[in-house]
Every structure is written in C-alpha cells, then in structure tokens.
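What follows is a group of structures, each given as structure tokens.
Across the two complexes that follow, chain A remains constant while its partner is chain B and subsequently chain C.
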Partner chain A sequence: MLLPALLILAAISLFPFFYIVWMSFHEVSLIGGVSFEWVGLENWTELFTDPNVRSSWIVSGVYFVATVGLEMVLGIIIALLVHELIWGKNLILSMLLLPMFVAPVIVGLLGRFLVDSTYGLYAWFLERTGLITWEILGSKGSALAAVVLMDVWEWTPLVTLIVLAGLASMPQAVLEAARVDGANYLQRLRHIVAPLISGVVVVALLIRSMDAIRYYDIISITTNGGPADATKVIPIRLYETAFRFQELGYAAAIGLGMLAFSILVANLFMRILKRQGLAR
Partner chain B sequence: MASSRAHRGGNSAFGGISRRDFLRIGGAGLAGASLFGLAGCGESDSQSGGEGWKQYKGMTLNFISENTAPTSAIAANLKPFKDLTGIDVKINQLELGALVQKVSLDVSSGDPQIHVIYADPYQVLAPFSAAMADLNKFNEDDSLPSVQKGVGDFIPTQLAAAGRFEDEEALYALPYDCPTMIWMYRKDLFDKYGQQMQQDLGFDPMPSEQITWDQYFRIAQWFNENADEVSYGTGHQAKQYDSLMCDFSNILWSYGGDYFENGEQVGRIGTQEPGPAMLDQDGALEAAEFYNRLVGIAHPGSTSWDWTALDEAFRAGEVAMAPNWHEFAAGVESSDLGGKVAYERLPGGPTRSASMWGGTGIGINGELSEDEQRAAWLFLVWATSPETQLSGLKSDVGGGTPTRQSIYEESEVQQARQRPSDMPNILTYEAVSKAWDPENIGLRPKIEKWNECDTVIFTELSKMLAGDKSPEQAMQAAKEGFDQANGV
Partner chain C sequence: MKGLGRQAILYAVTAVVLLWTLVPLVWMVLSSFKTPNDLVSSTPRLFFAPTFQNYVGLFTGGNALGGYIKNSLLAAGASTIIAVALGCLAGYGLARSRFRGKDHISMWIISTRMAPIAAVILPLYAVFRALDLLNTTPGLVVAYLTFNLPFAIWIMNAFFADLPPALEEAAMVDGATRFGAFWRIALPLTAPGIVTTGILCLVFSWNDYAFAQSFAGPGSQTLPVAASQLITQTGINWGQLMAIGTIVVLPMIVVGLAVRRYLVKGLTLGAVTGE
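Our next item is the complex of A and B:
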C-alpha cells in the first residue's frame, strides 16, 4: 500500500540526496555526458580548510542572525499592533502582506533601483539628509545592511501572519479574566500572551531560519557577493562553485554542509517545541 | 587610418582563406566575369536560397545567447532566415552567468537541446571547447553554404580570439559581436573647460592617443574640483563582478603587466596550461597601485557599478568621462547627451594603450547529431553574413557593431561615421578600430579555468578598493589564487 508513495519519495528526494553524496566523493566532468573520477575525501577536506568557504559561513551567520532576528522582533510587534486594531484590520493586514507576494528577485531589483546613486530614491533622500553620504551597495557594512533590510522587508509579513494566527487562537476567557483581575497590557503580554503564542513563534522562527540559510536571489541581483566578499553568503559561494567553476563535486560537499546546518537548526527548534509540548 | 587597418587586416587574413574559399571566390569571379562582365554583382550565391540552404527545411533550432544587441536585432528579423531555409529558430536570451549554467548542463545531459551556442571565449569556449564542433568541416563541405567572403573577412584579432582555442587551425565559433572598451567623454565640457584645464594642468587635455593614464587621472581630478555640470570627473565599473576585471585589465596591460607570461598568445589562441601567473610582477603592482588611486577619486558609485550601471550614470551626467563599452554609444547618442559625447581610444600607460575586447562568437553544440549540426551551420552562416550584420547595424532594437571588415568599407557605413548618423555605434569607429589593432587589443586569458581566475582577480581587486588589502597584498593573493586554480 505504501510502496507507490515510497517510490515517489525516493525518486524526488532520496535518489537526489544519495546522488549528491556520491558526487561529493568525486570530481565531476560534464563534457560529453556526466563522468565521475573518485577523489575520496578531497572535497570534504577542502570544505573544512578552504578560507573562502569559512568566510562565507561567517557572512551567512551574520546575515542569518540579523535577518531572522529582525524579522521575528518586527513581525511580533506588528502582529501585536494589528491584533489590537478594532477597525480596518483586514485592510491593514492586506497591505502589510503585500511584500511577501513579490518574487525575491524582484525585491532585489527594486532594492537596487532604490539605493542606486544615479537614480535611486532612497539614495537621494539619504544623501540629502546627510544620513548616508557614501555608496550604499559599494561599502561593506552598508551593502550587508541593505540586503538584510531587503529580506526583512519581504519576509517580516510572514512572521506577522503566523503570529497573528497564534494571537487569534488565544482563549479570550483567559485574557478577559486577567483584565478583570487588573493585569495591565505588559503584564498580560508577559504572563499570558507570550506563553500562549510561543509555539507559533517557534514555528515562524523555524520557517524563516530554513529559508534564510538558502538565501540567494536578492544578493545575486544586488551585490553579487561584494564588495570585498562582504555579502558572499554560502549559497552564493555554492552557486559559483557549481555553475561558474564547474566544480560539481566540491559544490555537492558545500551543499551537504548547508543541509547539515539546516538539520541542526531544525532539530534545535523541534526540541524547543517538544519541550513546550507542542510537538511529538 | 581606417583603410590602412582594413588593408593590414586583409593581408593577414588571406592566409586564413581555405583552399575551397579561394577556388570558390576565383571560380565565381571567372564565371561572373564571363557571363555578366561584372564579378560579384547581384545576389550572393550563398544566400540565394539554393538546395544547400533548404535541405533541413522544417527543422527547429534552439539558439541560446546572452541578452545582447546583435541577438535582439536577429530575434526581431528572423523571417529572412526562415524564408531562406525553412528552418525555425527559437532564441533564448539570458544573462551570461545563466547562459553558462545552461550550456554546461546541456552538454552533459546526453540529450542536448541547444543547437547554436553564444560561445563566450572565456566562459564557454575555453571550458567547453571539447563539446563544440569544429566549423572547418562545414565550411569546407561542398553540400553546405560556406562563410560569405571567407573567414578572412572577419577582423583577424577577433577571429582568433572568438573562434579558436589552443589550435591555430580548428575553428569553434564565428565572430558575432565585438564590444570593446574605449574612452567616452563629454566633449561639450572639454570644449568649455579645455583652455582653463590646459593652463592649470600644463598639457592639452583633449582626449587623444597621446594622453596617458596619469594625465587621465589629473583630468578627472580637475573635473572633481572645478566643474559643476558633473558630480565627478571619472566613473568606473568597479563592482565585485566581471566588469571590475575588465576595467582593471586595461590599466594592467598598459602598465606592462599581464596575467601570464605569454599573455598575447594566451589571450589570442588560449591554452590549457598557462603556467604561473605574473600578477606579482612590477607592472601588475604598479597598475594595481594606480587603479586603486584612480577609483579613489572616481565617483563613489563606481564600486557598486557594473557596466550597465556605469553607462546609466554616464548618460545621467554623473561623470565627465569613463572607460566604457563602445556598443553603449547608441544609447548615449539617443539620450540627452546625444551629440555632446565623443570617443577616443583608451589612454596609454608606460608600455602601451590597451582596450579590453569583450566580443563573442557563435558556435555549434558538438554533442548534436550530424544533421542537427549541419542545420545549425546554416544559421551561423546567415547570422554572421554581411547582409545580416549590416541589417543589425541599422536595426531599431540596436544591433551591436559588425565583426567583418568589409562592412566598414561600405559607403553608407562610412557616411554614418559623421553626425547625424543613423548607425550611432559607428560614431565610435575611429576609436574602436584602433583598439582592434593587434598592438592595442586587450585580450584576457583564454584558459579553461578562467571563470575561477576571473573571480579571484575581481574579488581581490574589490578587497583592495574596500581598503581590506594593499595593492601588493591583493596582487599577491590574486597570483596565488590563479596558480591554485590552474594547478601550478
């Protein structure tokens, strides 16, 4: 009974996985059909000793913490504010969700246009007000900040949406009782709302974390990893290794490294959910 | 100047005409002379729609190309090819990086779908030459049309750079486009401030072959300090990208540096074994030091601009001058700056003036069946024919500039060198034709591992421009990266 489903799962998931593992132990040539040359642990040794890959992991780490952190904080704050609205809630929510429906590559293009020093509206405004007088995408710190903010702009609404769902499912009787007992907003937030929505917050965190690890589109369109490798996250390095340098075996090892990191992060969050009794 | 260049090109190209071309040209001449008394008049034999052209009627070809002006022009004008051959052509235009990815996957698939490949010499031809068909067999096949006017009609430096790899005989691609970096400058500003600049700087600043990079630097600095019309004197395509390598290479070569010891040969024909990199040598170090200073006084946007963004900034009046690709002239002439801009070969350095050539050829996927390759050959012959290149030059969607010498000798093309011109890219002819001379052309290394080396050099340069590394450290790291990539 389960066999057809297992076969489909194997075809679309397990076979590619084992194929990539196989590739990571080979040098792969594409000319005249794919061919493999056994190189043992060479690609894996390089993965752990390559300073370029190490620097990309560091950039990815900074990027990961900044984007996921900002998205969670802003998403929760916006959700709490929207939840308190008495009228116009649906309209506001619809407008807030719009960025989420834009393709990431379009967000990158939009961001690039807005911060371009020749015709960018944001660049013009920031320069006129004296807030930023240098080239935003041409300087290391501001380039990283810019791509982080583009991601935050696009995906904060997703966190808002998930948290709002959690807020909407809270038992109103408990909140009413707290209010009658004289608990102010902050007290209710800390002692009632936070514990009640912590499960969905962890889910939002899990979803955004998985996505942030494989972040590629916006950086590819805006900075291409520069300046001075300041925005070269690990997916950009992976793409470059696979499709620019044609080192598919080494790229497979990098990709498996990303997969291992994703599994670690997912396990961490699942453990938190289990501890809260929200997952089995 | 133009005719002397063409003359030299013609002589050197003669050796490249195949025995079959020679007999065909001679035979056609004799037959034409005896029958009509005028050799070469009327419709050319190879485009007359004979059986050779019709033999693959009903077939569909897939052409993958970078999104460039010549391909846009061809895409807008495919009907003549369909009428001539009965073959449909589907064109897929992509950004170059995506094209390289698709080609690599196609040639390894075992079931190739791409027939005609936009074969960037460095990112496609060098790494995938083994998967490209040698075009000589088609050109010498009596049952197929051959290249009109022979392959010797292509500009010799471009034929070698775009078409060959490691071998002076094998031909993998026909020259298709030829963007080349030249000096674009605001002539209106140079006219306005020329005398004042001359007094202040102590030399005639008007762009000419005599101007050096050092003088270019001083002119740029003068504009920074004295002209209100533009924000900065110079702008550069110094984003961490291929464009940064192109911009820097002009200066590298003019300062006597090079990527490899036999740079001319490695650039023109290419090699699998380029040997150790030379980026730690004096010429390269001086070039890096100068480039660092130059970008330091350039428009700050330079470090985030690729070639497109630089061109947009130039057209928007942000900078007075820039090393820019000559095929952007059409856009410049149709912008608010139309008529205010002039073009010159890039400045010289202690060794020479060098202009990066960024041209490409089109080739045939050698993994295809014989019939598919032969059908693709028909498209190659048509797409690079004088008629198609001239048509592209006049195209409303912009058509690059021809890679054939004979087209520049056409009277209507010569007339178009002066304003008003309905072929604005031809306004750059004086500058660009000098840049294509063997002693001036700048050819980056055509090696299998170029994509890695390219990434190494533009990344290290970006680190230098960001202040993370000194020019010496950047060049040393680049040398090590090159050597590692090439297994030296």
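Our next item is the complex of A and C:
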C-alpha cells in the first residue's frame, strides 16, 4: 500500500534533490535545452564568500525573527484572551482565523493596496495622524516593517488556533485547585498554564519556522526585495540569481543552503512528535 | 462578581484584535464594488453607490477570468485528488506497519513537505523544461504534488493511527483481506480526516503563486497569477484587483471554516489534536 505513493514521491522529491545537488557543481545553461559544465566547488565557495548572499541571510534572519517572534507572542496572547471569553467564542474564533485562508499573494497585493500613498486606507490613516508621511514601501525600514506585518496578519491566527487547542485540553481540576488555593491569574499562568501548553507552543513555533522560510509570495509581489535590498530574503535572492541572472548552478547551491535549514527544523519536529509518542 | 468588568475589558481588547484582522478583508470586498472615482477619493469612502463594473470587466474582453478559474480548478483539483487517494493508501500502510527504517521514511516525507519552495522550483524548472512540462496544467499538478503528496501521506497517517486496529483485525478474522479491512472499515471511519486533508490540499494549491508564476504559461495560468498581472507598467487597476482577490479568497474561507474542528490537526501535521 505504501509503494505507489512512495515511488511517486521519490520521483518528485528525490530525483529533483539529486538534480539540484548535481546542478550545484555545474554551470547550468538553459539556452537550447539544458546543458551542464563542471565547475567543481566554485558555486559552493562563492556561496560562503558572496557578500550579497550574506546580506540576504541577515535580512532573512531579521525577517524570520520579526515575523515568527511577533506571531508567537501575539498568537499566544490572543489565544489566552479568546480562551477567557464567555459569549460568542466560536464566532469570534472563526472570524480571527480568516486571514489564514487568504492566498499569500493576495495578502501582498491587499497590503500593497492598503499602504498605497494614493489609494491606501492605512496610508491615509498614517498620514492623517502624522505617523508616516512617506511612501511606505519605498523606504527601507517601513518596507521591511510592512512585509513583516503582512505575514504577521496572515499567520498569527494559526498560532492562536494551535495554542487554543492546548489551552482547551488542560485538565480543569488542576486549574480549579490552584484557584481555590488563591493563586491569581498571573501565578496560574506561570506555574500551571505555561508548563501545560509548552508542548503545543513548540509545535506552533516549528510549524511557523518552516513556513517562514518556505514562502516568499508576499515579498515577491510587494517589494520584490527592494528598496535597496532591504527585503531581499534568501528565496528572493535565489529566484533572482536563477531566473534573472541565469546563474542556475549558483542558485542551486543557495537552495541547498535553505534546504539544510528546513531539514534541521523537520528533525526537531520529528523529535517533538516522538517525545509526545505521536510518531508511530 | 468582579467578573463582569473583567469580561468587558476582555471584549474591548478582542474588538481591537478583530478590527486588525477584519478591516483588510472587508476593505477588499468593499473596494471591489467601487468605481475608480470612489477608490481614489481623498478621504476613504465607507458608503458609496456599489458597482459591478470591476467584476464585469474581469469576465469580459480578450483575457477573461473564466480561463484562469478553469486552470486553477483543474490544477488544484487534480493534485488534490491524486494526493488524497495516494495519501490514504500510504498513510494507512505507514500507520499499520512496523519495519526497520520507518523513521527514515517518515523523516523523508516530512522534509519533502517542508522543503523551501524556491529550492524546489529550481530543479523542477530544469526538469520540466527538458520534459516539455512548462506551460502545462499537468506540470502544475506535478509541482503541487511535491507538497500535497507528502502532506496527505503524513496527515492520513496521523488520522489512521488514531483508529484502534481492533476493528480491522476483527474483520480480517472474519475473512476480509487487508485491503478489504482498509476499504470497508478504516476508510469510512476516517471520513472527516479525508475531507480535511482534501480541503487543506485544495487550499494550499489554489493559493499557490510561486510555482504557477514560474511554471505556468498562457494556457495554464491560475487565478493568483491573473491577479499579479493586473500590476502593469502603466498602473494598477485596484478595483479589478480587489475583485479577483475576493474571488480567490471567498471559496477558500468557506471550505476552510467547514472543517474548522480538524484544522489544528491538519495544520500541525498531526502533532496537536483539537476539540
């Protein structure tokens, strides 16, 4: 029963994997079919010395910490909030989840619309209040902040949803006992709730981590890496290297660098599953 | 009790969170019904005479949206059906068997699901070019399978693992084959899991932009690509763009919320079970 699926999976995952490894040791040309020229470790040495790639890793790092960090903090706070609500909890949760279903590219386009200096609702508001009077996507700092917030808008609900599941499965008796013993909300949060939900929080963190490096639709449709490389995360750099500068071999080396990161995350994820006895 | 004041504060904060969440979506839908004049007005207009001209414009003319919708449905639908069918089989196989190297197989499957899209596009682009799969819907279906298939195997494995094997064992004692036990017993019992897996596969592939933008040509372009094409050198037709956005988003919201109970399990790859 396993065989058909695994054979197809091998064809669409292992084959491209070996192909990209192969590419990374060659200069690849797409002119008139695909042709390879062996260059040994050239792409790999470039990967570790290229200042552009290094700066993209830094941008990726900042983007990663900002998006995943904000999503975790806000997601947990919102989950704690919704968990305490009495009326309309289901309806409110459903409304909070909506951004998750929006195609990332639409999130980017919608974000672009909202901060457009002529058409944008948010741009209008920020200008009226005097907070931001310049072109938001045209300036380094505000452009990076904008693409981070678009991702935060879309994916905070996922963290909320996961943490809420953890909160809902807490044994009520323990919480009740602490309440009876006079522990206030913050004490209960720190000594009872936090240890009980730490497992799901880690899962949320890993799920978000892998997706944060996986997707680049929002940045690609809003700033495409600009202004002045301020939002040029690694996947955007890879795409540009491959399809604009036609350096496919070098792009392959960059891609394998990204892949190493996601395999690391996948590894951690497997370990968590095992510890919870979920990987059977 | 003092609970009432506390609840009032909680609901006030919730209202702020809801505003942050919903304003962009409501504004998108409203804007899709605005004339260019209403869109560009110096103070944003909440009340205006609605028009369907953006939607009419999208569905008429040489580059009508109907073709894109068809391409989107075909690519997302086919990859979903293939992924779920194979995912059920393999997920069941994985859940009910013990063999050496199973951990490695699991690790391989999950890594495939997590592989960065840009790093997958690159080798696939070269391979598709050699195989003449660029600009075709089957090419997109294969591309979507790179994330949908491992996802479906993994999630169905989690759903089947939750099922006590005793029922199937009883059926097999009564003479059913392994496949018969799977087909008549396990499969019907995991119906919600199958629906959830299918819907999530559909959402992932319907919402894809990166693959479609790299692999699809005039004959296979999908809705998200159509949306991006409204950004031109000469300007952006925001009214039509918001209309496409509405068309892309609404169906996914409807199907997504339909399986809300199982979303946690699906989106955490089976690591967390909800409700």
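Here, the second predicted complex is superposed on the first by the 254 of 280 C-alpha atoms of A that agree within 3 Å, B and C clash if a C-alpha of one lies under 4 Å from a C-alpha of the other, contacts with A are read in each partner's own complex, and residues count from 1 in each chain.
One rule holds in what follows: contacts are C-beta pairs under 8 Å (C-beta built on N, C-alpha and C of every residue); 3 or more make two chains touch, one makes a residue touch a chain.
As the structure is a computational prediction, the values presented were derived from the model and not from experiment.
Contacts of A:Ala228 after superposition: chain B is touched, whereas chain C is not reached. Contacts of A:Trp134 after superposition: chain B is touched, whereas chain C is not reached. When both complexes are overlaid on chain A, the residue A:Ile31 reaches chain B alone and has no touch with chain C. Of the two partner chains placed by superposition, only chain B is touched by A:Ser117; chain C is not.
Once the two complexes are laid over each other on the shared chain, residue contacts for A:Gln276 go to chain C alone; chain B is not touched. More residues of chain A lie in contact with C than with the other chain of the pair chain B and chain C. In the superposed model, A:Arg244 lies in contact with chain B only, and not with chain C.
The intersection of chain A residues touching chain B with those touching chain C, taken from the two complexes, comprises 30, 33-34, 116, 118-119, 243.
On the chain B side of its complex with chain A, the touching residues are 97, 100-101, 104-105, 107-110, 123, 127-128, 130-131, 239-241, 299-305, 309, 312-313, 316, 318, 367, 449, 451-452, 455, 459, 462-463, 465-466, 468. Looking at the complex, you find that chain A touches chain C at residues 1-2, 4-6, 8-9, 12-13, 15-17, 19-20, 23, 28, 30, 33-34, 78, 81-82, 84-86, 92-106, 109-111, 113-114, 116, 118-119, 121, 124, 153, 157-158, 161-162, 164-166, 168-169, 200, 203-204, 207, 210, 213-217, 220-221, 234-235, 238-239, 242-243, 248, 251-252, 255-256, 258-259, 261-263, 265-267, 269-270, 272-273, 276, 278-280. Residues 30-34, 116-119, 134-140, 143, 223-230, 240, 243-246 of chain A are the ones touching chain B in the complex. Residue ranges of chain C in contact with chain A, taken from their complex: 7, 10-11, 13-14, 17-18, 20-25, 27-28, 31, 39-40, 43-44, 86-87, 89-90, 92-95, 97, 103, 105-112, 114-127, 129-130, 142, 145-146, 149-150, 153, 158, 161, 178-179, 182, 203, 206-210, 213-214, 224, 227-228, 231, 238, 241-242, 245, 248-249, 252-253, 256-257, 260, 263-264, 267-275.
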